[in-house]
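Two complexes, one shared chain (chain A), two partners (chain B, chain C).
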Partner chain A sequence: MSGYVIRRILGTIPTLFIIVTICFFFIRLAPGGPFDREKAIPENILRNIEEKYNLDEPIVVQYARYVYSLLRGDLGPSFRYADRSVSEYLFRSLPNSMLLASLAMGIALMIGISSGVIAGYKRNTLYDYSFMLFAVFGVSVPSFVIGPLFMYFFSLQWGLLPTSGWLSGRAGVLTLVLPVISLALYYVATMARLSRASTIEVLQSDYIRTANAKGLSPSYILTKHVLKGALLPIASYFGPTFAAMLTGSVVIETIFRVPGIGVFFVQSAFNRDYTMIMGTVIIYSTVLIVMNLLVDIIYGILDPRISYS
Partner chain B sequence: MKKAIIFILILLAFSACTPGSVETEEPFILGNGTEPETLDIHLMSGVPEHRIVMGLFEGLVTTNPETALPVPGVAESWTISDDAKTYTFTLRDDAVWSDGVPVTAQQFVDSWLRILNPETAAPYAWFPAQLIAGAEAYNSGEAGPEAVQARALDEKTFQFETLGPAPYVVKALTHYSFWAVPTHTVEEFGSDWTRPENIVSNGPYTLAEWSPQERLVLEKSDSYWDANKASTDQIVFLPVESESTMLAMYQNDEMDWATTVPSEQIDELKVQDDYHNNPAFITYYYVLQTEVPPLDDPRVRIALSKAIDRVKLVNEVTRGGQVPADGLVPPISGYGEVKGNRLNVAEAQELLAEAGYPNGEGFPELEILYNTSEGHKKVAEYIQQQWLETLNINVVLKNEEWATYLNTRREGTFQIARAGWAGDYYDPNTFLDLFISGNSMNGGRYSNLEYDRLITEALQQTDDASRLEMLNEAESLLIGEDQAIIPIYYYAVNNLIDLNEWSGWYRNVMDQHPVGHVASY
Partner chain C sequence: MKPILEVKHLRTQFKTDIGIVKAVDDVSFDLKKGEVLGIVGESGSGKTVMGMSIMGLLPIGKNVSVSGDVIFGNENLIEKKERYMRDIRGKKIAMIFQDPMTSLNPFLRISTQLIEIMRRHLDISKQDAKDRAIELLQLTGVPQPKQRVDDYPHQFSGGMRQRIMIAMAISCDPSLIIADEPTTALDVTIQAQVMELLHKLKDQLDTSIILITHDLGVVAGFCDRVHVMYSGKIVEKASTNELFEDPKHPYTKGLLKSIPRADSEIKGELYTIPGQPPLLVSLPDGCPFAPRCEFVRSECTVSYPPISNFSHERNVHCWLYGDDANE
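This part shows the complex of A and B:
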């Protein structure tokens, strides 16, 4: 097992290198540059700026320069934010996004899986119908609708929670509630649907029929056999989903003023902030790779047919 | 439900543990739009940054909050030579940086050389370069720093020469590109001089905290020369990108000043007396590609302008207090009106027929380009419909993402493009010099030698009235006769602030509100 993990980790290095290379050249194909503003900067000043950031050099030289600094752990200066480096912004914001995504994922796993498994187990009951109705709602209502709606009711109408912010002021941890729930809602719904479907599938499989025939108690079958089988599709869904939550929560982050990484992931592309784009892509890819590795390990634990030795 | 209640109770218990800060006075909290890109006045170019540095730093002259006109700042007085080209400023003795070091004339000289230095790569270097003698040559690398005509006569006397007798020089000096940086700490810390632990400032406030994406806090400076003036002890700038969040925070008393308002909410907010709407020094217009048929014919361009009902547009489509625009330059007192080509359907149809397209027959399809946004789309759709109804010509709409759109506009590969321009200083010249032949903002490739001559010669006029007259004549050429661009409306700015609670905040056309003047009653 540990040999497998080490091999996988070593395998990520060429993967990351290829991603960095492709990304470096592709983002420069987009029209416009990092210093385009509504007030166009005069030619000679633009020339000075490009010189300062080495953008006047041949692209291959720029690439070599970037890879060299990357190997020393330097993500370079941002083309947009003059006072701090890319690493400083990203490593400051990453933990906030991590916390937001982890809490939302925790809620999604707990509520999503348990309600989905129960719905699958009690198929075609009132519970099943009502929860799946909620799930359809959760999947189809976008976060830019849910967010302001929650803010309107919980803050403005009922005065229960602060509108936005992040662990700041007198509100403290209360600021976490709205962004976490808004972000979790969609994933609660999708996980419930996934686990319901897989529960139904597992319940119809031969080994459950065997277990029933052996006379095992329903609760034993549910927790020992059904749950384990039903978790498999969730496990493969978990990895990419967590990565998506991390960088894809930009709408939630903007609405609730979460100082996270999502805004850099999106804004840097609009700003043509080349180094910031590279930084976010590297972080995103790393998270994705690590998550996929975790998924494979969890698979090995959940599914006895898989072995990595 | 029970679980939810328990969850909320746990959270409440947690939040009770967070220590409540003991404040003698409530801070002034404002929603500042995007995260500031920098606090280095020589590297910035945005509005959120400008709001912050108006509290942190001060130039030779500063902005009167009521009129947005220049009043003495670091300089207590100044004289202008008879040929209106040499300016001599006397700095006040008690102007000091927050570390106690005096603000000197030499620091102004060094600061100007810093922003003009090609290696600084300052986005606003063009501003001093366009006004100060020798500055352009240094900035473009043609000459050394000795070419720049700015000098310290003694510790407290600063002198410089301008290229021409431009009467807006003192107004321009309110802009941060002409301010001084603490050269002694810039030298010591290099590019880290703006960090909270290093930064010193000479304005009414000092930097107390800068947590990116969370908040930036300014605290009243004891060393400021006018420290006794009424102002709040603490100002908190919150980066709030979402307009609807900004409004919710304001309504929930989490914020004292909302610097923008979601346009769809304006109708509801209009009735409140803490809602402030006023015309801005910003123009919304369409640039026409004047080199390519059919828009190379001025008759066609004028016909297009005369076919737009701007009054209906601002009343029924944009609905945010915008003002229909006749000319490019928003109304300025002392500057005459420009007779633009207003709505006149009959004349529009006649002109189009004269140009060879009676009732739009044989007129090629046109394309309007705008940067992706619901607002710009609505305006373009409205104009598309009007041109179809009155002139019977077909227009298609095209939107491009911001950077792509800017690129297209600069390269001039469009027929009609939406554009906006905010004046950098309160003078018509800030709009009119954009359309000099070959200017990088002139993507429509407008070129009229008479226009170029008027703009350039106006700079050399010592008499302000005749200068403004020449500029007015130039604008009449640009808009009335040549119709190189189609002005559509002047923007309006929207703010939410309770003026019964806060003093020192005034509406003004530049939408500039020096935070150092704001105080609670």
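This part shows the complex of A and C:
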């Protein structure tokens, strides 16, 4: 197992290199550049700026220069924000997004899976119907509606929680509550629907009939015989989803003014901030690769038929 | 001697979109201690549902109903609550299923699956249960049981898995085993081995067995008596010898004719019963076999034939014998 993990981690290096290469050339194909403004910048000033960022060199040389600095762990200067480097921006905001995502995912796993499994087990009962109704609501109401609604009621109307202000002021941890819940709601709902469906599928399998024929109690069958099989689809959903959450949720972060990384994903593309785009892509790819590895490891733990060597 | 199982007028019906499916329709039979009863019929004749009904494994509710009596050890199982049935299942009545590839939980070790049933029904410590699990695997002919008891199902072949299923079924010393097509999913040589094992265990443990199968060859070597099922009804009851020597019902005759025989002189195509078994919704008033029967008469399509008794435990439902048999 550990040999497999090491090989997989080493395998990410060429993958990342290919992503970096493709991305580097592709973003330069998009029309416009980092210094295009509504009002044209005088030719000589533009040339000076381009010279400062080495944009006047042939693209292959720029690429070699970028890869070289990347190997030393430097993501380069931002083309848009002159005062700090890309690494500074990204690694300062990433932990905030990760905290938000982890708390939301924790809630989604706990509430989503348990309620989904119970709904699947108590299929077509009042519990099932009411919870699935809630799940449809959770899936279909977008976070830019949920967020302001929560803010309106919990903060403005009832004064229970702060509207925003990430971990600052007297409110402290309480500032986490609204963004985390607003983000989690959708994932609670999807997890619940997924685990309900997989529970129903497992319950219809031959080996559950065997377990029933052995006279085992329903609660024992549910925890010992159903759960593992029912969790497999959740594991495959978990990986890419958590990767996307960890790298920032633009809407929630904007609404609740969370100093997260999400905004850079959107803004860097608009700004044609080449190095910032590269930085976000590298971070997202790395997180995604790590999550996929994690999913494979979870699969290996859940399903004895899968073995890594 | 009092039979250990008496089934009286068992009816199992499913409500579906296209009508009520009478999967088991007024089935009655009994089973003596140590006896092996074969239930024979083609796919969809209601054999499996009958076994599930006796075990109380069907999700009885607004779409599934089971009625009649299943008398097992002075108790009518049909009237019993699910909680009571959980104490019966696995302990007094065990079941062996058709497909050993899917009937064992792929996520759990063999030892876990063997130990849990013993811990559920017997007052036994975990370690003792594990020792007994190894003994049971030994008894059912799983090689190297001590080394292999902690393996997962996918590490065993189909035949070995069925042996494990059998080990599980006999683990709590049941007085009745319902074996639902135990060899259907196995290849022929393995089939013979598994049947031989069941035979050996039956004598050792003195249990009764209901063997549900569509394979008359399996019946011949194993069962004391045979009931032939067609579209949810038992159409013929006989001892195994009588059935093979003198089949009465045209359906039974057809079944016997369609077995390939190694010593047969006749070359050419194997006999098949023409037509398809009827859908179990909206069955006609008459004999359900009438549309496929080569001896069909006018009364066959009018009403279901009454029972014709030939001797004790030898009877048939067929208009051909309506007049002479009861005289």
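One rule holds in what follows: the second predicted complex is superposed on the first by the 307 of 309 C-alpha atoms of A that agree within 3 Å, B and C clash if a C-alpha of one lies under 4 Å from a C-alpha of the other, contacts with A are read in each partner's own complex, and residues count from 1 in each chain.
One rule holds in what follows: contacts are C-beta pairs under 8 Å (C-beta built on N, C-alpha and C of every residue); 3 or more make two chains touch, one makes a residue touch a chain.
These numbers were taken from a predicted model, which means no experiment stands behind them.
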*Overlaying on chain A: chain B and chain C, fit or clash?*
fit
*Could you tell me if A:Asn212 is touching chain B, chain C, both of them or neither one (first, second, both, neither)?*
second
*Which of the two partners, first being chain B and second being chain C, lies in contact with A:Arg305: first, second, both, or neither?*
second
*Which partner does A:Asn271 reach: the first (chain B), the second (chain C), both, or neither?*
first
*Is it chain B or chain C that touches the larger share of residues in chain A?*
B
_Looking at A:Lys228, would you say it contacts chain B, chain C, both, or neither? Reply first, second, both or neither._
second
*asked:* Just to be sure I read the superposition right, which of the two partners does A:Pro240 touch: chain B = first, chain C = second, or both, or neither?
replied: neither
*Rounded to the nearest angstrom, what is the minimum C-alpha distance from chain B to chain C in the superposition?*
32
*Complex interface listing, chain B residues touching chain A*: 8, 11-12, 14-15, 17-18, 20, 35, 37-40, 43-45, 118-123, 125-126, 139-141, 191, 194-195, 211-215, 238-242, 244-245, 248-249, 251-252, 254, 401-404, 406-408, 410, 419-421, 440-441
*Spell out the part of chain C that touches chain A in their complex, as residue ranges.*
55, 57, 85-91, 94-95, 97, 99, 102-109, 116-117, 120-121, 152, 154, 165, 168
*Quick one: which bits of chain A touch chain C in the complex? Just the residue numbers, please.*
205-207, 209-217, 220, 224-225, 228-229, 302-305
*Could you pull out which chain A residues touch chain B in their complex?*
30-33, 35-45, 48-49, 51-53, 80-84, 89, 92-93, 148, 151-152, 155-156, 159-160, 162-166, 168, 170-174, 176-177, 254-257, 259-260, 263, 270-272
